[in-house]
């Protein structure tokens, strides 16, 4: 392995752990964050200045506006031959635009979907990357440091955008897998024929068709709070599930299970359901069925 | 028209109105109800006794146990040549059993699905009946009195069970139609590009593809409470939606929209969603995503 | 009523019938179509030239590119004080853009969602319009000619975009209503307890909760082909169902029944289902379950 | 470990492998199958006769009629103190009935859900069992032989029925997980931004949130047939998915993702979709939209 330098922008929960894993592999990381307590430098300009060329700069900030403004600024700071990696959760349709903006300055662009969450520091991060092989080659030592041991965990998925597209689909699948376990868990908890639902989940961790890392996490969660009584049934979504469904609709691909999982999250965040008010109102109109008042 | 006698058991919201509509048509109705204030006689025995043979007795009590016990009692009271109509919301799979029990005493059986709700008294009740033509013929004057004017509103759907089966499917369709309007209404209310959602609904009552009686009722409901603020988004289900989905599953028929509508009702009745607790727990486990506490 | 002039661009199935209905109401219509056999004038320039100011021009061409190029051309031909109506199936998010482009030339813009299909000529067209009241007022005599008799069938839904948004939601509801009847019909046809499914549908046209215009059309269809044996189960979609779901996703509104209906159409157009190949492959992998070969 | 004797009825794909795994663990298995080439004895009577008491007999035949008739026969052959295990895919609601039938003869009953498929011989079988602890204790050495190494893979889930109930829910979850990967795979294959979908799947096997045994199997399947071109998109179901949904409906638990997965299988087995014929017919009725003919 050849040790190399990396500029890393965004040192939050993900970025901070990634810096640590890359450093453990022997590379030099110069990190920037708006929070000066986390940062190694005080500005993007300083970060760029401290890196030897050809530079590799990894952007790990929220998708949309924040990523766009970092890329805009880097386009003005970096030099031809440098490479930018967008490792955030950008929508894949933004990647081509970013690649063109940087290419106009002779700067390469790689989009990298990163999976692994809080476990990535120890287990490694799965990486799905898109872009030209020559640009990817410049980042490869960093990818090798981040990825898990073994053959899996890294793929050059295609041209620019293919990395984020792959990660987006990964997350869509993740939604439906989580929903699958969740539905099964609720059914077991509700029916009551099973004495100890947690032990059933635990038993599934070996030999079954449904064993998985998510199942292991479910057992962890049940060990912390057997009936999840401390939680509210409220689930956020970070955008990638939505984009997955929208990509499916654009391509006339039916995604019933993934979409059901997305909608279940939407519904979980409603204090009351407007659509079910209408259903209740209609039942009352035609059948005189009792309704519940809002108060 | 020949005026006839009918014994009517169950004088609740539906049965009471039906008695009135049948009487308006010139027939004699002897009604029994557990509530003596509604009843014309004080027992089933008295009801049977007061009817001239061959008797027609219409059962209009809740499905399951109550219907079963009335039929059991009638089997012991009625005579060969008499006819029992089950006009309640019995599961169609019960009808054959009831028919056999009564046939053993020489008593005919007709199952009748009845639609119309609180509007039936004025508009007429739609009737879907199952059974032998000879038994149905004995009840026909009553069916004619109950049904709406015009050609539609009555069908001999097939052998015993076909009436309730047709009504069950009717209700499954009803679930999905109500859900359709409800989803559209919520979307209009949420997005806010439309100034007056109620007026959009009202405008749809003529010329559109989606005009219907349920739409008229939706407009009524919005006229009473423009944003349905006085209601909670809580919708009961009376069993027929469930049976529709179960019949579909037994016959490997996919029913995605009807089933989605049924599940939306189930979810509307949960104070908190166990499955979404699990989804929240999993998101927290792998990504450190914040959760909301149950309190 | 004051007779007025209208320029009408696009004289296809919808536009042609609309011209006829407007003329029957006593207005003058100057129509343009790329097909000279249908057109009254040979170019947009000629159409504009023949109309007295202040002009009203109704665009009735396919959404997207065709509508955009007609609006571009009209922006260069019309004069301040003129008004353009987009009566096509444009995506509501295009309306603001079109309004601004025309407003820069002093030209008003109204978006009009039009429902009614091949029945509109006789029954009238339901109209949902968006835009400023002053622009709508200039078109009102035309709207009055097109709409059905009676109070319903026309609504000023809100500002620019609200007309097409309302029509889009109308179509989403339409998808789920059609799916509702279709699912019920398949279940009745499959289970076989009902002797004559068509007569059950016919009976539902009076007195039931599910009576509607779509139900009347279903009976028409069954009268033409009792078991729909002459048709393939293949259903196109025109875009508005997709946009409805996308609008819902953008606003975190769950639309399970409408989305299920959209996905059923997508699936109906697949000769073979890639996702079910994967399910079959997985079943074979873990259980040795037999698969069917592609041949 | 104490070596014990087991009577095993049903030596098909599952039963045959289980016999082999139990024997490898040092126990004696006397197997019966209707196919004499597989069987060690020629009748149930001979099997019972050859076992020393107290006997343990494991039934591994198809659910429903076949299981019922084996249990009926065993009730007449076995002696008080013997134990019957139903390791087939029986519906959990049958278990109580079987337990009572056998208890009347003093025979114990244990229901065992078994997962592991063709991989169980090498990896071990996951076991979810229901029944009284004293009956389970008698079978424990066999359970220990069958289960995978390590702590997981076995659970006493509750009283009679809890084993099959747990396995049923396991299979419901399995349906939705398979559907999740299948939907993601179809989207990747359809959109085309990803050059090599198989390599993306392979990369997901480490570090991702969605790594699982099913994912490993998906990669195996793609290695055998990269685009699954040799398969038809046709997926059977073995009953447990249906029972899962029915149990949910009985308990008012919404299961949108699992049910969507079940319905996708139903649809995959239809040559043409009746419901989509109706949708096509309705579109044609109101809009004159072209339909495709059945031929």
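Brief remarks follow.
For clarity, chains are labelled A, B, C and D in written order, and residue numbers in each chain start from 1.
Heads up, the rule we're going with is that a residue touches a chain if its C-beta (ideal position, glycine included) is under 8 Å from a C-beta of that chain, and two chains touch if they have at least 3 such contacts.
Here's who's who by UniProt: A, B, C, D = Decarboxylating 6-phosphogluconate dehydrogenase.
Just so it is clear, the structure is predicted and the values come from calculations on it, not from any experiment.
When the CA atoms of chain A are superposed on chain D, the rotation angle comes to 180 degrees, reported as a multiple of 5.
Among the other chains, A has the CA centre that is most remote from the centre of chain B. A comparison of the C-D and A-C interfaces places the larger number of contacting C-beta pairs at C-D.
Residue numbering shows that chain B and chain D use the same positions for more than half of their mutual interface.
A separation of 33 Å divides the Cα centre of chain A from that of chain D. Note on chain placement: the centre of chain A and the centre of chain C lie 38 Å apart, centres being C-alpha means.
Put simply, the C-alpha centre of chain C and that of chain D have 47 angstrom between them.
Multi-chain contact residues of chain C (touching two or more other chains): 117, 179, 181, 183, 186, 190, 209, 214, 253-256, 260, 263-264, 267, 275, 286.
Interface of chain B with chain D (complex): residues 209, 237, 242, 245-246, 249-250, 252-256, 259-260, 262-264, 266-267, 269, 275, 286. Touching chain A in their complex are the following residues of chain D: 92, 115-117, 120, 123-128, 130, 147-159, 161-162, 165-166, 169-177, 179-181, 183-184, 186-188, 190-191, 193-196, 199-200, 202-215, 244, 247-248, 251, 253-258, 260-261, 263-264.
On the chain D side of its complex with chain C, the touching residues are 13, 117-119, 178-179, 181-183, 185-186, 189-190, 214, 217-218, 220-221, 225, 228-236, 256, 260, 264-265, 267-268, 270, 272-294.
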